Amino acid sequence: MLIVMRKDASQQQIDAVMQAVKFRGCKARPIPGGDRVSIAVLFNQGAVNESWFEDMPGVKQTIAVTRPYKLVGRETKPQDTVIQVGPVSIGGGRLVIIAGPCAIESETQAMTIAECVKRSGGDMFRGGAFKPRTSPYSFQGMGEEGLKILAKVRETFGLPIVTEVTDLACFDMVEDYADVVQIGTRNMQNFSLLRRAGESRKPVFLKRGMSATVEEWLMAAEYILSEGNPNVVLCERGVRTFVRHSRNTLDLSAVPVVQRESHLPVMVDPSHAAGYRDQVIPLARAAAAVNAHGLMIEVHNEPDKATSDGAQSLYPNQFEILCRQVRAIEGILKE
Amino acid sequence: MLIVMRKDASQQQIDAVMQAVKFRGCKARPIPGGDRVSIAVLFNQGAVNESWFEDMPGVKQTIAVTRPYKLVGRETKPQDTVIQVGPVSIGGGRLVIIAGPCAIESETQAMTIAECVKRSGGDMFRGGAFKPRTSPYSFQGMGEEGLKILAKVRETFGLPIVTEVTDLACFDMVEDYADVVQIGTRNMQNFSLLRRAGESRKPVFLKRGMSATVEEWLMAAEYILSEGNPNVVLCERGVRTFVRHSRNTLDLSAVPVVQRESHLPVMVDPSHAAGYRDQVIPLARAAAAVNAHGLMIEVHNEPDKATSDGAQSLYPNQFEILCRQVRAIEGILKE
Amino acid sequence: MLIVMRKDASQQQIDAVMQAVKFRGCKARPIPGGDRVSIAVLFNQGAVNESWFEDMPGVKQTIAVTRPYKLVGRETKPQDTVIQVGPVSIGGGRLVIIAGPCAIESETQAMTIAECVKRSGGDMFRGGAFKPRTSPYSFQGMGEEGLKILAKVRETFGLPIVTEVTDLACFDMVEDYADVVQIGTRNMQNFSLLRRAGESRKPVFLKRGMSATVEEWLMAAEYILSEGNPNVVLCERGVRTFVRHSRNTLDLSAVPVVQRESHLPVMVDPSHAAGYRDQVIPLARAAAAVNAHGLMIEVHNEPDKATSDGAQSLYPNQFEILCRQVRAIEGILKE
Amino acid sequence: MLIVMRKDASQQQIDAVMQAVKFRGCKARPIPGGDRVSIAVLFNQGAVNESWFEDMPGVKQTIAVTRPYKLVGRETKPQDTVIQVGPVSIGGGRLVIIAGPCAIESETQAMTIAECVKRSGGDMFRGGAFKPRTSPYSFQGMGEEGLKILAKVRETFGLPIVTEVTDLACFDMVEDYADVVQIGTRNMQNFSLLRRAGESRKPVFLKRGMSATVEEWLMAAEYILSEGNPNVVLCERGVRTFVRHSRNTLDLSAVPVVQRESHLPVMVDPSHAAGYRDQVIPLARAAAAVNAHGLMIEVHNEPDKATSDGAQSLYPNQFEILCRQVRAIEGILKE
């Protein structure tokens, strides 16, 4: 349930309503808006009675929220969430391009690619130090050494860093180094990890599960927001279908659907959707064309030698072309 | 197998090779290229021996074709197929916009929508006179009366007409009225219909089946080409997946994949993929951004009163916006 | 809408109601039940008013039918449909085993396999004379010659014949030879073919489309019933999913769902679902265990030489084991 | 790579080979078989040279393992793995029935259901104390209190306990109480959890991911085995498809495929596949008919009041029928 306060409600009135919510065994979370405050009533296991609150001083109305998600929903917060990461605004109108290798392999590799990302107009740098791998025998990432390289990339090029956290054990460490903490596809419903991310002071980049509905995906974000972290970026990365000419099928309809249902920014990862290099540029343009808030792209200076996902990594010159075309499409949509 | 003739091969030499192919129990189909002729060897049920032909006068080389498709493959014919329909070139560089209602309902309806299509910059007009419907109790189309209305649209607005043929019984009639004959999703593997389309003098618009692989789709086109009709336009319209926020999931990767594998033009129908009006414009822009050769869009002057597919039909003013945005993206990709 | 007549309603009263339905622009189809007649009101494009009929003499009640299907629904006809094909009852309690090769290749092949089918306890013989093939260059079946071989099998072994009809052009011929006319997966929504099947005097074996919902499948059957042929056998044969270890994924839930929704018998084809021989026997047992009304199995005396679907055809001795195990499971469920 | 030792190889020779493997930077894991030992060479990131080992004393042959899985593969260990859990043998020939409620809600609920499970012939008891829930606002389980109730069930009825572990934080506690630790669908690729399970002394019940291929599933088991725990039970529970008449589509082909590829036992959970009570019994019979090593079934004394998954929970008397029918099918397959 959502309790909408009057514009002229005093802080005292707001506090009183929040006390009343707690008294009923629920959790109250204030949602500051442009001109008024609303209070989300969470964890109501049974029915919540609107009459409990609707006559309290300062209350304008109470709204039964029918969608299973509350905090992530646009009904709760109509304004777009804009997340500031250093110099970059995600959701703030400009398309954000995050790029880098799948995995950090060495300082030379990372710096070479970061230089290309910077030069081509990328906004942030990505690279995995902890890698979730299907096989226990595959390269599992450089760990903290990789994180240190990422920190050096940030220092040298001024690019904020996005890197993946794979479990609770490495969360503190990743959080220390990263500007944005990524939760990958396979962990979209790792609820402990989501709760921990909800306690983080860093924004969270939440990829859609391989066969998750949009509702399940938003509910995963709800876990993070319900713990107090309002800064979640959603990322569509393709879903698993019968199709075999691409690694996954990019579900671009999800972008307008998420933008209608939620105030959170939503980006697109065409690299993992495609799985093949020559589909990445067209799909990146398509993502810009549906008005996604940003792109996450895999780039590698030597894709053939990459420890993982080489076949879908762009060559530096391809990334440059991608940026130019994508910015042009962005320009059109702003006219 | 493909027999590539020398540039200076005489017609007599070409004829002799074709005779030799027939003598071996196969069908020979000459494929004129820019500067030389190739001969496709079809219907070879067992192994075809390259040595049978490779030493004949005028033969440059013989190529074993490993893909199951032959005539539709780029290996067989590297140059893009360009199909001329009245004033419109499909596959010729300019994005072709086909638009109109799902079903023709009346002359007034058709003329009103056609006027909008023309004014907004659409290239061709679509509208169903014979409708394949899931229920035997749903409106099945106006039949010949609908075709006559389509002819009047063409006469009045100069827009070539695309309309669907649903079975062998109505093929002759549809072929008489239409500029392009459409074969729908449910008929993609109606092999008798494909063969009949292969004997037609009209270009064929072949939609992808609801759960067809790209290979099956190209093989369906192969049926048409193998009967002698080289003018096939492919159309991606979304595939069936677990996703429920859209009617189908638009598989935009299919566009670059088809363009690499085949010389045939490939268009996109975002209306049937989306199923909901507010996804159609973003997906149409995305289709332009992946460099599809054209779009097929449902427009209706009164979507709420449409006899079918109203929820996915654009209002006239939305179609106008779509055309403007799509043309702008097209412009960028040509720079 | 369904008009249920009183048990003691006279024929005159029934006729009067049917006249009244026609007068309202609808089609009336009487459905004889065990102890009373009901009248289905079809093709009602607009709203049908219950008050038009509910006070007529002999009428017990009128029921608004909310499911999109009418004639195939259990609400319309609660009793199971039992279809008699020569000595075999489909839907009559005993599990019916239909077996034979994918395609008829020669008289020797057909007779050898039929002898095995008969000896192992198979009830009917299947074999394709007209084959829908993905490639125009694949073997398309023996045509009428194949049908004549099928007739000889029937004559020799007393096994009723099921064979596929691929288009309107071959329907009359197939209908003449076959005891049951099969409509394949790719033709499940070939609505002209369904209508023609609805005019046939022969029972129709209707396979589920590759990605059809149960509702679409039942609506396809509705096409046949709405033209007057009440004898439709449904056949689940696997649906297309992301899974790659089998050709399709057998959807056994569909069997109890169809049996709840419809009175038509429903069989299972594990051969096309599996695509690999060693999965066929377990899936056949599973189909018997969910209480399907029958099985359709591919058997071949020399699978390695089969012109199509060899990899999924059982060896004769495997078929014998299958029959024994399946009959044992059938026995348990009857106890 | 797999190093197969001679039957008469001494322990000294085995140790020497294992030393040699470590020397090459790999991990050696001995796999005792019926009459000889094999040594799996793990974590080989580059190529492993067979010549390094094939001439060492006691070595019979070296086998390049092409499947991505090693320890779980039948090539590595041809004999079926049999897991002893108290009085119950999983994979030992007798079909194992695990049953109980989705979540433990109270002692009364658990004891009532356990009594029914025991009486009907169930072998083990299931019930969640930690529940992974799509919504942060849903009931998340009773935690340790629930585990204590489970321990009481075991004590009272002699039924071994299977219960789910949802993250690293609760692993130790769950491991203390449970006889078998379950890893759920959403955690199938939670690699940290898999590694922790690999260090456990308790058998692990590993459910297939919602859209996992059999290969990915076996690789998840490989994570567990590679850490030293050989006791993994796989469980098919349906995959996500376009189908809507059931919650998931039960992929019964996976059972024979897993049994061919791996030596690990594989069970089936028809409750989560179906999602609807009236499909559970037929699917359970089908699972027995494909020769699964066991079943996991949801039973509840008051399904309508269940805190989760009530719609798919059987009534006690339905569970009794299920057991009787499933045992009868099991009997047939043993004849």
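For reference, chains read A, B, C and D in written order, and residue numbers begin at 1 within each chain.
By our rule, a residue touches a chain if its C-beta (ideal position, glycine included) is under 8 Å from a C-beta of that chain, and two chains touch if they have at least 3 such contacts.
Not measured: the values here are computed from a predicted model.
Student: Return the chain pair with more inter-chain C-beta contacts, choosing between A-B and A-C.
Tutor: The greater number of contacts lies at A-B.
Student: With touch defined as above, tell me whether chain B and chain C contact each other through largely the same residue numbers, more than half shared, or through different ones.
Tutor: Chain B and chain C contact each other through largely matching residue numbers.
Student: Based on CA centres, what chain would you say lies at the far end from chain D?
Tutor: B
Student: Mind checking the centre-to-centre distance between chain B and chain C? Centres are C-alpha means, answer in whole Å.
Tutor: Taking the mean C-alpha position of each chain, the two centres sit 33 Å apart.
Student: In angstrom, rounded to a whole number, how far apart do the mean CA points of chain A and chain B lie?
Tutor: 39
Student: Taking each chain's centre as its mean C-alpha position, how far apart are chain A and chain C in Å?
Tutor: 49
Student: If you look at chain B, which of its residues touch at least two other chains?
Tutor: 211, 240-242
Student: Which stretch or stretches of chain A touch chain C in the complex?
Tutor: For this pair, the touching residues of chain A are 240-242.
Student: Could you list, by residue number, the parts of chain C that touch chain B in their complex?
Tutor: That would be residues 42-45, 68, 70, 132-137, 139, 166-169, 186-187, 189-193, 195, 210-211, 216, 219, 222-223, 226, 240 of chain C.
Student: Show which residues of chain C lie in contact with chain D when the two form their complex.
Tutor: 211, 213-214, 239, 241-246, 249-257, 260, 273-274, 278-279, 282-283, 285-291, 325, 328-329, 332-333, 335
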